[in-house]
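The structures come next, written out as structure tokens.
In the two complexes below, chain A is the common chain; its partner is chain B in one and chain C in the other.
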Partner chain A sequence: MLHYLLKRILLMIPTILGVAVVIFVLMRMLPGDIVEMRLAGEGSYVQQETIDNERAKLGLDKPMLQQFTDYMWGLAHLDFGYSMWTGRPVTYEIGVRFGLSLQIAIMSTIIAVLLAIPLGTLAALKQDTWVDYGVRIFSIAGLATPSFWLGIMIILAFLVVFHWTPPMVYTPIWKDPWANLSQLIWPALATGYRYSAVATRMTRSAVLEVLREDYIRTARAKGLWQQLILRRHALKNAMLPVITVVGLEFAFLLGGLVVTEQVFNLNGIGKLFVDAVTQYDYTLVQALVMIVATVFIVSNFVVDVLYAWLDPRIRYR
Partner chain B sequence: MRQLARALAFAAGALLVPAASVAETPVRGGELTFVVPASGFPSMDAHRETTFALIHPLRPFYSLLIMANPDNPADPTDFVGDVASSWTESSDGKTYTFKLRHNVKFHDGSQMTSRDVKASLDKIIFPPAGVPSSRKGMYSMVDSISAPDPYTVVMRLKFGSAAFIPALANPYNWIYKADILAKDMDWYTKNVMGTGAFKFKEYVPGSHVLGVRNPDYFIKGKPYLDGYRALFIKDQAPEVAAIRGERAMINFRAFPPKTAEDIKRGLGDKYAEQQSPWNCVLIATPNHLVKPFDDARVRRALSLAPDRWQGSKALSEIAIVKTVGGVVFPQHPLAASKDELQHLAGYWPDIEKSRAEARRLLKEAGVPEGFKFKLHNRGVEQPYKIVGIWLIDQWRQIGLDVEHWVEPTAPFYATLRGKGKEFDVSLDFNCQAVVNPIVDVTKFLSNDRAGNQYGRYQDRTLDAIYDKIVRETDKAKLEDLMRQYEKRALDTEAHQLITLWWHRTVPYNAALRGWKVSPSHYLNQSLANVWLSPPG
Partner chain C sequence: MSSQPFDIDLAAPAEPSPARQAWLAVVKFTREKPLGAAGAAIVIVMILAAVFADVIAPYNPLATDYGAMLGAPSAQHWLGSDEFGRDLLTRIIYGARTALLVGFTAAFIGATLGLVIGVASAYFGGLIDLIIQRIVDVFISFPLIILALAVVAALGTGVDRVILAILIPMVPRAARICRSGALAIREMPYVDAARAAGFRDRRIILRHMLPNVVAAYLIVLTSFLGQAILLEASLSFLGLGVQEPTPAWGLMLHGGASQYAESAPWMAIYPGVAISLAVFGFNLFGDSLRDALDPRLRTQ
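Take a look at the complex of A and B:
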């Protein structure tokens, strides 16, 4: 197992380095300039001298190779630098938004898992009955409905029917749970529904496949109780692909809820990402990409470890 | 000079429709929540930044030396003291003496004096090396600033100029504390310490700014609000939802007409609205380095094709544009009258005659029927893309085949600000914080003099007229010079084409009182006069 873990950890390093190089090069290839965006973007008259001074202040007048060396040196020291747009540390800009994004990711995952595993299993057990059809309609509708659209519908419904909208300012759950949940439960439901649809479909097909395995037939032949077969033998094995889906979706939710965050005006990582890209904030985009990539890589690692734990054949391979 | 200011003010007053409601007795208390339609501001230093997203949430923490009159902000020539109690001007128009209020305190309790005003203006006008000042170029007439006593500031000019007072009233000219600036010129990029009506309480990047009432504000009894909350909401749908759902009362910038109607339906009898002509305009800029746009006949043809008078009626229904005007903000006394405008290419009352002339000019210049070119535009719906589509349609009517080339903001500016043949014709934008025509029209000067002229041309005749404008203090002569300048820029040479001036529609919750719309979304945002009824 240790050898397996070490191999997985070592494989993470070149992936992270590759992402760092690609994002640095891509950002510099884009036409446009942060200083012009910032000072001349609203039609104001700004002297070229002012623009040049600001570029120098941000280090954008340095040769590209030196900028790259500075960036990689910073990364090696886990120093992401300062946002070129606000001048504040990148870690601060991300830290302000991370709590909200993490909470939505967790809430959506809980909603998705709570819906997907029972419904998917039930659909598999009651295959081709009205229960199965109902679950399939529910999950296909979830797959076909973009979460941002569902979000818009939720907001409009509240606005039109109750003349109410969710709060606009994030309150941490430990300060005021009611205010927190009345803001975040709606985006969590909107994203959790789509997320659960993917996981429900996956659970259903995985359970159906496992239920046809020889060892399940053997267990039934032995006269084991159906609930026990399901819990001990079927579900544990069927969870492998479901864990993959849940792990990757969780990583996606941390940085990928761009449109849903805009619809609900949530001050999260997804919105920050869009702002950083549109503002050409190189340092912030680089840091966000590195963080999201790392979250994905670590999620994959955790999934791999869970695989190995659930299926010993993998770790001995 | 003072006579000129009075004459301009009188003329402007005669032109403008008052936007204010009937006077009521303000009520103390309550927290105002408003939307800032942006994701936040870059730094907190107004001397350095150029976005309104800084003005709306942070201006209430600061004061200016002088400002647009908050009781009459619709008048672009009405300026009053903020921390200045009065000012005088020497007979030659070259020395201004400002007397300061004695009761102005910073939020840390220290007294504000002329030393602070001088340090702040020095930072804006004569910034030390490496200290960015975005509006330094507006003060070419200023020679020196001195503080002969704690409550007097004297500004000496190299030459008298009608551009000086409006430039000084720029809403970004916040008064900072001299002691802080002496220690660290960058301190204000991340911190707040002003003398404004509200004290800074909290800033969460990307989310909101909180301000609380300053009980020591130098105008007794003001502000009326206990505090305010500025919410950053960049996208229009949640902005509208916030106002309709009464999570916020107003977005001080503006909304397109259809969106205002949507808010009206949602708020019902709680709906209120103010409108104003807006000191912003989209300009179509032909690239003079690209053939055939180096030919004045072709540029004139481009200007002759659009029916601005009809376009004003149609586009104002769907976009934030409305007013037909020349190089000067149409509500300003220096602006061309309708009769004067109708003598310029593109403003003729008979559009058929105008388009016939455009076709003749194109033929004479050797431009074939169906000539193809691209209109470069910014990927922003309101009003860029709408005006772009309108222009393309108008140009088709003189036989031109125009493709709409839309780029996101950053690449758009990279293309626009290049030095070569990056585009054929591009839409460009002129929008200044304070109405100051003498500064605003610099956009038409030769590109080696105006950093924001992207037509890539030089016109020394135009430059020479401008040099007279900037030094002229006689109103009649100034008007005459401005007409010469306008004629050359828009007609004879048709260097750039003014489309339609913007129009501000600000819908809001009627519980908000005391705020008056102005021709610039940067002005009148101190919130000192704003109150809530009921205080809530």
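Take a look at the complex of A and C:
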């Protein structure tokens, strides 16, 4: 077990380094840079000297290799540098928005799990009946519906039916939980539906698989109450792959939030990312991508270890 | 034998003609997988709309008509018109073209590159496999849309760049799946036999291993199709994908649609219905295809 853990941890390092290299190279391929973008807005003619000064301030005049070593050195110290657009530390820019996105992510996960486990189990129990077809259509539709469009539809429905829009100004949950929830539940629903679709399908196939096992037949043969078989024998064993999917998707939620936050005009991490991309804010894009990828890599690792630990049938190699 | 009086036509209980065989296969698929057939029907309608857009679309997709600005659905404009008076139905029909062009190209190239890389990685094993898999690890660590956005940021927008932005994150995902399929096949006796017979690596990979990974490849391809269409819509919605005036579903939801949501809700409703229906069709079809091709790779 220790050997396995060590090997997995060691394998994470080159992956994270690789992510850092890829995103660094991608950002340097951009045509034009932030200095030109920012100064272009100020007037028709800018002196070359001003451009050079600005570049020097941001460290863009240094040779590529040195920019790269500076960047890696900073990462090693968990120093992500300063936003090239606002000039504030990247960690500050991310910090002010993190709570909002995290809250939506957690709420989406809760919605997804609450939908997925009952629906998926039901579909498996009633395999190939109209209930199963209904659940499958519902979940495939969830994968097909873009969350941003679902968001627009939610807003539209409120506008037309209730002449009401969700509040546009963010209130932290500790200040006014009601105002906070009435704003954030909608983006969470829009993202959660898609997320639930993935989990529902996983639950369905996991339960189906478990129901075919010998120990379920044994439990039935000894006359155990159907509900008990389901809860104690089937669901418990079926939950492992479901937990995996939920865990892995959580890291990917940020991707879903990129578009949903735009629709609901929420100033979260997703919107920050889109803004950073459109404004050529290298440092900010780099930092955000590094964080997302690292979260994904680490949660992948945690899920694998949990899996191995929960299921004695899995051997470590 | 031909001189005998009761010479019977030996071809009498003939093999059904290829066309009929294909038809029978379609009937069988429809009966066994009604959902898959429904998906296939949606896909076919979409392909027809894309191919014959010039014939079926009632208007020119770019023609503006200031008399019909934000017009409600009517006999002239079945699905209404947008803030420039462009007919929505027409733009949705032409949008199928953009969606399919981007979807098919990105999914096909992405899945195929992934197939080649995955099979080569499995076949050579050892250090090559290790290196390729670490690179795949790196690219899989980016959520799809994040990597696509980063590529768009680096390369710019427009149909060709969007295709590239979508296919790049798909290659490693396809490679991972095809590699695991190929790993099992590498251990098969016939691959050893081919190697013992002195065939070259290239021939073994192309002739002996690739055909056996086709099921996995087709499954990856169909699931990518829906994802690619969805991703293109998301990028275009953010204004970082296909650019005006090209008709594209995601783009139709960008800007005007939410701005005029209250007075012209049709602008926000129909393009989204088109996206959902298209992806829904591809997913339904892909799911059933997966069940039919390989029960072990069942729906997640």
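Rule of thumb we're sticking to: the second predicted complex is superposed on the first by the 301 of 317 C-alpha atoms of A that agree within 3 Å, B and C clash if a C-alpha of one lies under 4 Å from a C-alpha of the other, contacts with A are read in each partner's own complex, and residues count from 1 in each chain.
Just so we're on the same page, a residue touches a chain if its C-beta (ideal position, glycine included) is under 8 Å from a C-beta of that chain, and two chains touch if they have at least 3 such contacts.
What you see is a predicted model; the values in this text were computed from it and never measured.
When both complexes are overlaid on chain A, the residue A:Pro167 reaches chain B alone and has no touch with chain C. Look at A:Gln67: by the touch rule set out above, it reaches neither chain B nor chain C. Shared-chain residue A:Thr244: touches no atom of chain B or chain C. Contacts of A:Ile137 after superposition: chain C is touched, whereas chain B is not reached. With both structures placed on the common chain, the touch criterion links A:Ile155 to chain B and to chain C. Judged by the touch definition given at the top, the superposed model places A:Gln47 against chain B, while chain C stays out of reach. In the superposition on chain A, contact is made by A:Thr278 with both chain B and chain C. In the superposed model, A:Met202 lies in contact with chain C only, and not with chain B.
Legend: residue contacts after superposition of the two complexes on their common chain; A:Glu93 is shown touching chain B, with no touch to chain C. On chain A, the patch touched by chain B and the patch touched by chain C overlap at residues 30-31, 152, 155, 159, 262-263, 278, 280. Taken in their complex, chain A has these residues touching chain B: 30-34, 36-48, 50, 53-54, 56-57, 85-88, 93, 96-97, 152, 155, 158-159, 163-165, 167-170, 262-265, 267, 271-272, 275, 278, 280.
Put simply, chain C touches chain A in their complex at residues 35, 134-135, 137-139, 141-146, 149-156, 226, 230, 233-234, 237-240, 250, 253, 257-258, 261-262, 265, 268-269, 271-272, 275-280, 283-284, 287, 298-300.
Residues 39-43, 49-52, 130, 132-138, 189-190, 204-208, 229, 231-235, 237-238, 241-242, 244-248, 266, 280, 408-415, 417, 428-433, 439, 442-443, 450-452 of chain B are the ones that touch chain A when the two sit in their complex. Across the interface of their complex, chain C is touched by residues 11, 14-15, 18-19, 22-23, 26-27, 29-31, 133, 136-137, 140-141, 143-146, 148-149, 152-153, 155-156, 159-160, 198, 201-202, 204-205, 245, 251-252, 254-256, 258-259, 262-263, 273-274, 277-278, 280, 285, 289, 292-293, 296-297 of chain A.
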